[in-house]
């Protein structure tokens, strides 16, 4: 069996867990709204066309909400996925790579998504 | 023993319900939906890039979504969101030491609630 | 007169260096007997090469944990009636997630090592829950003197066998060990908090609660892991505002 | 000069304690056991750390052994013991009459006791039968049987002893001149057979001692005397509760973790490998336990088990003394290199080991004193963590 030494194994901390556990309930609420909007709002049920989407983004709070959704869902999913990978005992080098890759993915997709929200809200 | 097995064999153990109780199903559902939703999230973000290219590109893309196959996929996403989210509520509550002895009942309630939400959305998507 | 059932006992057999197979023995049983009695009879009267672990036969030692029809059970307190019906097959296998020594015997050295690592005490001074609520609590011999009581955890390993995370992640400390850390009192010991606030500690638990479902001895490891998390989070928030000088590592 | 090699057959209380004692005295020790630690009678004791009160009236030798060893074990292995004391309670006139003798005998055996009125006793243990007439406190305790044996084994291991669990003795090796020189073993985890040679073979197989001595053509006066024990699913007291009477069926109920255990009976059995549970005895135990603690009548049963005591002598059941005996087979059957230790009780395991080790040392002409009285044992967990 694998050695578990008396020194704690690095890689997961209170703060990451707290982020995951706090973003969870936020996501449940925001994702439910997101889904209802996409399938229930509008004449035909949901945002069915480009103009529906643009119209939807006119109210100031919609881009804000979608922005929060974007950032929290990226954080929640990447921390969660990292947890799944940690269950499979990655090597230290592998974990280091994942840390950088996931940070880059999170920052990159946040920037890209926020840009997209600003573009749509601006039209 | 298990230390030597490769990661696929080890990961497969998460999805072996033999000799385990109901709450392992909670764990399996959570893990499967987590992986599925993460995959979908990035796919979704990439395809939304069409929005930036103007009305024609986006509306053409949306035409694809009218096929029933796509709708089934979309319902799967909706289902995953509700199952993962409601099951997640149980995990959040119990994580703070609340209602741990009742976690089984909370799990069943969450799944029933999730199923109702899935049916409502399903009806809407396939009848609208 | 006692009821008589006829069942098939299906036993996992494996000697060192050999492939595993199952052996079936038809047996007359009393449904109120416990599974360990059947296994012992299988050895005494059917096949003397069978090996299995057991000692106290009344759930105080934790030696006889096995999987009975796939499920982790302490076989000395698991009645035949509770796991099979007349004419059925009762399958016994060694615990999961530990190396098989021979047949139904597994090597639980790692569990014992980790219980020592987190400083779980085999005896505690008594708490209120020792005497069950339907009975009135005993009076101390000397005022203020505590009773000493053997710990609830009998280190049977059932929770370690039932935990799906431990089965994929052998260096996860595991439910018994984290529950042991909780009982050892992490608030007094910062190094214990550091040990469980790690990639192999409380954050590896994914709230499956199989541990609590199989625990035969009132330990409730699932609840204890959650409590331990609360302590870790509380301590981290506290030290955020009031940093500890240098973490004193005590063994 | 190389160390003398002692082979001990049996890893129950006597075997593990003797391994500890001999390892401390500088022996190379190998313990062979066909199952895991304490899988026979030792594991299946009710776990009473005797104060000696139970034997004080009829068997003073055993009673004194008990109180002495009780105090030693509390000191050297506290982490497997609930040292919460015990009570003897009288429920009828004949119990009261026995009580007079009991006080004198306990005093003679230096067992400290204190007389309590029923009110005082009920204040200490409110779940006792309220009809009790008198009570005495005595320094009983309870212990965890497996972990007690493992603590001795772990300490022995630390001092170099080797343990071969799941190894069964097939035969004794003899040199043709009437001396036992070793054992032929089968490793039950792989079914491989091999020989092990030693300077002395100690037969510490308790109720099974006759099976081993028969391999050398010798016999020992062992009378395996099983008894039943029943565990209730609830803990109702902190102290061991004894009936103030002559040793009898179901004369004690004691706490252990969240249970109460009642014991025991006394009968003779032919096959000690498997002792079936006798329904009538089970019912009797529940009745007897409820005499002492009426609340137990409605409590679910958790475990029922039988264990053969290794009694020595020619009497029957309760009349046999509970002391132990070490047989040097050179004296009994002119077989050298072979010693049998049997009889006794869990509480006296250390004393049994001391006596056996003294016999072994005398036979081999080694002059080392016993140190086990003062040597604290290490954690039972080290049995698994030491190599």
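By written order: A, B, C and D. Residues from 1 in each chain.
Please note the rule applied: a residue touches a chain if its C-beta (ideal position, glycine included) is under 8 Å from a C-beta of that chain, and two chains touch if they have at least 3 such contacts.
Quantities reported herein were computed from a predicted structural model and do not represent experimental measurements.
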Intersection of the contact lists for chain C and chain D: none
Starting at chain A, how many touch steps does it take at minimum to reach chain D? 2
CA centre of chain B versus CA centre of chain D: separation in Å? 58
With chain centres defined as C-alpha means, what is the inter-centre distance between chain B and chain C in Å? 33
Averaged-CA centre spacing for the pair chain C and chain A, given as whole angstrom: 38
Chain A and chain B: spacing of chain centres that average the CA atoms, whole Å: 14
Residues of chain A touching at least two other chains: 1-2, 87-89
Two or more partner chains touched - positions in chain C: 98-99, 165, 168-170, 206, 229
By residue number and range, which residues of chain B touch two or more other chains? 1, 3, 10-11, 14, 31, 91, 95
Going by the touch definition at the top, which pairs of chains touch each other? A-B, A-C, B-C, C-D
Listed in rising order, chain D residues that touch chain C in their complex are 35-39, 42-44, 47, 78-85, 123-127, 137, 142, 144-147, 166, 188-191, 229, 231, 234-239, 256-259, 261, 271, 273-274, 277, 279, 295, 302-305, 379-385
Chain B contact footprint on chain A (complex, rising order): 1-2, 21, 24-25, 27-28, 31-32, 35, 39-40, 44-46, 48-51, 53, 73-74, 77-78, 80-81, 84, 87-89, 109, 112-113, 116, 119-120
Touching residues of chain B toward chain C in the complex: what are they? 1-3, 10-11, 13-14, 16, 18-21, 23-24, 26-27, 30-31, 90-91, 94-97, 100-101, 103-104
In the complex, go through chain A and note every residue touching chain C. 1-4, 6, 8-18, 83, 86-89
Chain A-touching residues of chain B, taken from the complex the two chains share: 1, 3, 7, 10-11, 14, 31, 34-35, 37-38, 41-42, 45, 48-49, 51-52, 54-55, 58-59, 62, 78, 81, 85-86, 88-89, 91-92, 95, 121, 124-125, 128
